[in-house]
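Next, two complexes with subunit A in common: one pairs it with subunit B, the other with subunit C.
And now, the complex of A and B:
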């Protein structure tokens, strides 16, 4: 819609320079990763994969995405609605506890759930002990399957939608909701006819982030053995020794994701709501008592239990039970924090520049946004290949500053999109009239971006920066490949133990990743709950 | 406030660089560091390898730097680094992988009397492009309550129709399965290997999933009654501190297949000197160290691989295993057949 407000403009203006620069910077590793796939990815291995497996990979990916998306919506939207609109026992606790899975990487939950649900795990062992049956005598849900993978991914990724949905419900249209209520609409009717439609863009934005993350997942799919496209990418590279074929598969994945994004945007069309007023005040929550309070409390408790307490509890149990030797992890902890801070800082700067292009329809801005979105949909393993290509072009070895910088560059290209989202959401909530006012006062595009949009966007800065930090913290494949020599990180340690089939030893570094992510996530949660009571223009 | 991120980025990169250089300068060694160093690219990731590096450092004064990553990742890294690569030694956990490094001209032939006399010819590349250091057997683990040893004493038994619904397997992508298929292609021919694969897939109790340990767990739980595993996963469980893990091995047995024919499939952990090794002398010295009794013990005590050098101490738990006939199939050919092996698995629907 904003695009249509823009007048005919030249292809490039000086004000486009930051966007062009940020876009180009983010695009370098992406193009370096993908171009070999186009040029050299058509060998014998590609023919074999295209003939025998590509269909399976694509369908498995689509199926996983669909199921993950569905589960996320079923978990996150009701949860966000309940904690925002109602008061019930434990609400204050659930409000922030439901964000916690954001701190845990998908592969960590995959380890935990593969153990809990596995044939030798506590549930099935108990079942056999009690019943006297053997494993072939009964049916048990298989975690190492497409639905299992989708469940694990949904449990770690639903907080994205929970966060955006909550923000959508809070800031979307309190006045309209009050109007609806005063006209006698039931809370349920208000939800379906007023709150959900207005919060829809926020929910979709969160869902898009979560699904891109799910599509690029490597650790969980590999560990659970579900043949998604990303799994196929790793296989093409590992078994056929052909990274160019891996890159070509990544291109298929990217096309799939961008198509889904475009379909979503197209289906949204011109709909959407525009707040004409920025007047804002808290909506009184409906107090629930007795039986009616039980359902929301149980629903939220179940999510918290299944989505966080159970897997983390199992990991704690495993790491205590493991009397086996685990290498000291403090060095790994330090390295992880250094990489996460560096990666998040660079990604954040780029995310700010890209976010400010939201009001801008120039070619440069579109390019920057496309580059950002693309990076998020490409598996880290493939982007890391792009990093190697840069290294090769510059004639460097993977040591010292070069290694660190390339790794942080790859992080930025991979995750900038996650940081852009909260900034853009902040901008989108501000009335366009502010921008128009600045324009009528004669402010140029660059000045408007810096003086008007930047301060507004910065209200989403904490969320953006924290999400970026946690994302980089959890990253595995690029870190595994590009980290400097002698460097362990927590994700690398966890992966090393898990791939050596020592899950108990993997539990400790896995827990530490989650722990390191908890701080930022709690901070994020705290800021967001304050946002509800603090007024802001 | 808004200038913080760039500043923070610079500060953090600087901090990281300091951290890295600090790592390089702080060490407690028995022999004084002599300024020499050695850069190891390893596809293994055992804690015991760190002790191995440390011991070598202490005994020689040569500072060891390491990069531990997946074999494919290391290969691409070395290709990208080209002549600038700091890699001196490449360690991989199977011969097939080292074949790929050799094929990409990333290794160099080494002449060392110590190595040629310590390592039997079958376990090293004929020109010295890589040297096997520890070996492992791919065996059949089975449920003695449901199967007789005779039912599973050949790899081809797994394709027998009477085992329908009895097999658990891990993914074919795994290098152990790819290497075994490499040998089967050589022994049975491509068509024979493909037919074997189809029959094995028809015997699956469930789709391939989990690692080798997971297959042992499945058999112990009664989900199936036979699977292919490396011997050391079973031995590690048998030697575990956790009673639940030891119980898994009480319910299962190992069969070393093909004793009356070609022998059990063997693979090796091996090392090579990188083509552009900046510290070639130290690299050879390190690989030679790995063939000493001390080096062999450090290499195999945690992993439970079989030491390869005569006279080396056997890690605990291995003496309980029977002596067995090893296959003498050329290890280099396992790597050469890898893509073909994956294609056969793919066509048979073995994930």
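And now, the complex of A and C:
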């Protein structure tokens, strides 16, 4: 085996230099966040945290992740099954409306729901008006609680599982489902005995992604007052002023995330690659009419309403009422554009370099891909700690503009993999024989990269760049920790207003973030529908 | 026209994880001829092609073009400097380049005006001038195939390797496209290899055939020689269906004129002729109509035989029919060769 490795995967080739460089560049903030936690995180402050808070943080995080995951499964899997298998009024509309919550970061929904569910909010006001009770006479669910946080996170993150489950139901098992139905199995039995087991790896992969995002959340947890690990990391940095203590806390969070990815790997087991026919063909949906069509329609309508229409509608309402906040938000808007463009541009360049090594089995390219993937698994708050260490090591001021460049570096480390995916998908669609054809025509590695792989990858460029731009724009904790003084972005502005309980003022920046986020989400749903049309032809 | 050299492999082997995929292959590809590499899937054909193309290193043996060594265990000339053209089953046209640009891709060493002229010549030669600006997805399967051939031949390669190049085509198109393609390649005067699992394609399209099985070449030579003089039952069966029966069970008059020594008789279906008055007869058990001919199942003293016949002889199921053997389609081998 070793001999074969040596034969086919040389340690280093000149063509690997860009990949090696990109990988190293992306790995620096990650290592800068992890190593100080291991080496310097001890001391009195750590002992204090370990004795008093660590247990709470860890249990709260585990509890939040468990409840969020459960809620996501209960929302996403039935929704995906209904729109895939049945035809009922509004199905076509629900199919893509259910993706939309992906546009909003968790903290935005936390603000919207805190307002909707608050004592002075529309729901409780309506309840009092209708019943004639006063606020002290009845119990109302408290959004500022662990279940509240889990609900808010589940509502913004369920589309990950909805998308993967739907893909699993459509492609993974179309033949087996048809076989099961031809053998007389009812749709319900087909679901439990055939569709769910075959779609399971896809569902768990989506769930792992969603929970990784949930673990990285800072804004919603902080605002709803739920002491998760990420919340604790930012607070430890703020109150002890020592990033090393926060970094040690981050190690606990990373262990938790690592466990999640390990569970995902483990559950895949030997079924690593699920069989799927490359041809998409329309599954004969079961047409529902009358009362039987009502249940799925109501279920999907309820998710669409609670998961998107209600919170976004409330934000629009609040923004229109609070028009005096437009001016300060405009400055933040400009800063956001600059930072998001810078972060997206750097991440994009690195993503292109890493994506072009897709056919390259060398160790350098594997290292580059590993560094890219690790960045995505590490919460922004943790990478920001790495950024702080870099600043400290270089002897630079946290308040100066150097911090801005470090912030852009951190963005790139965190999101490069999100940009790599559409590029690699475009490359993977082209058969390997294209590469062989280019080689047989005399094209060396550089010419192949520039003349063949790059143009092919660029069909995914627009999507990659857009996704990166929006991811950076939504990012809160890293921006909060690393931005120079008075350099507020939309996310920081929304966070600051919300922390002051000025929810009406937080609505406009929150709404702008959500609207920007709709761009890639709509692109995604458009690409999904287009992919089918071309497969059908 | 430039004089091309033969592409040869000497004792070439390749294994993955201890499994021998190609073992000790000696193969010579003669310039100006098409050699079909025929075998079942898993026989090692594609791996041998990848070794010739330089996409993989050899474990042992040597690949040479003329006297120049391309592959040896110590050295593998990379595909980009071998000047060997490849044609793939999926054509592998560059999706972001139009037909003319695809052809020009391998002409980077020429000044731009000459590139254009050369591409235009190839397009005209393959009757595709009108499609020069079309992108691969706008071309039909046959057109994509011809662009792939033009792209491979335009840089004047030293050899051409084709991996199941016609199996992606509509069956109604296949024969015409194949004739055009192979004639164009023969005209180019280079050694050419056609990897295929289709015996008819090998027999009708190629000049020479090399039969590959389990990583080894069973037999190679001109198509007709191989068909008429197989070296073993296995080699015979690679080129079409055969009957195989023990010599001992057969009446001596049937075996008259059949060469070879051993205890097994291998018979192609057309090697059995229906001769109503022949001394040996068999029972007709089934008749399948195939248009120009019919396929007849016979029972000869308990041994099942298949033969083909035109419609000149009247046949009915259950009747006795005299048979004779055609020595040119009947061979005797030792039982080890089966």
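Quick note on the criterion: the second predicted complex is superposed on the first by the 338 of 537 C-alpha atoms of A that agree within 3 Å, B and C clash if a C-alpha of one lies under 4 Å from a C-alpha of the other, contacts with A are read in each partner's own complex, and residues count from 1 in each chain.
Quick note on the criterion: contacts are C-beta pairs under 8 Å (C-beta built on N, C-alpha and C of every residue); 3 or more make two chains touch, one makes a residue touch a chain.
None of these values were measured; they are calculated from a predicted model.
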Residues of subunit A touched, compared between subunit B and subunit C (which is higher): B
Touching partner for A:452 - first (subunit B), second (subunit C), both, neither: second
Partner chain in contact with A:290 - subunit B first, subunit C second, else both or neither: neither
Which of subunit B and subunit C A:118 touches, first, second, both or neither: first
First, second, both or neither for A:132, with subunit B first and subunit C second: neither
Doubly contacted residues of subunit A, that is, touched by subunit B and again by subunit C: 458
Interfacial residue positions of subunit A with respect to subunit C in the complex: 1, 4, 7, 430-431, 433-434, 436-444, 447, 451-452, 455-456, 458-459
Parts of subunit A lying in touch with subunit B, wherever the complex brings them together: 44-45, 48-49, 52-53, 114, 118-120, 124-125, 128, 134-137, 142, 144-145, 224-225, 227, 234-235, 237-243, 321-327, 334-335, 338-339, 341-342, 345-346, 348-349, 352, 384-385, 388-389, 391-392, 395-401, 404-405, 408, 454, 458, 465, 480-481, 484-487, 492, 496, 499-501, 504
Subunit A-facing residues of subunit B, complex: 1-2, 5-6, 8-9, 12-13, 15-17, 19-20, 23-24, 39, 45-47, 50, 65-73, 75-77, 79-82, 84-86, 100, 171, 173, 175, 178, 205-214, 217-218, 220-224, 233, 240-242, 244, 248, 338-339, 341-343, 346-347, 351
Sites on subunit C touched by subunit A in the complex: 16-17, 53-55, 57, 78-86, 88-90, 92-97, 105-106, 108-109, 148, 151-152, 155, 157
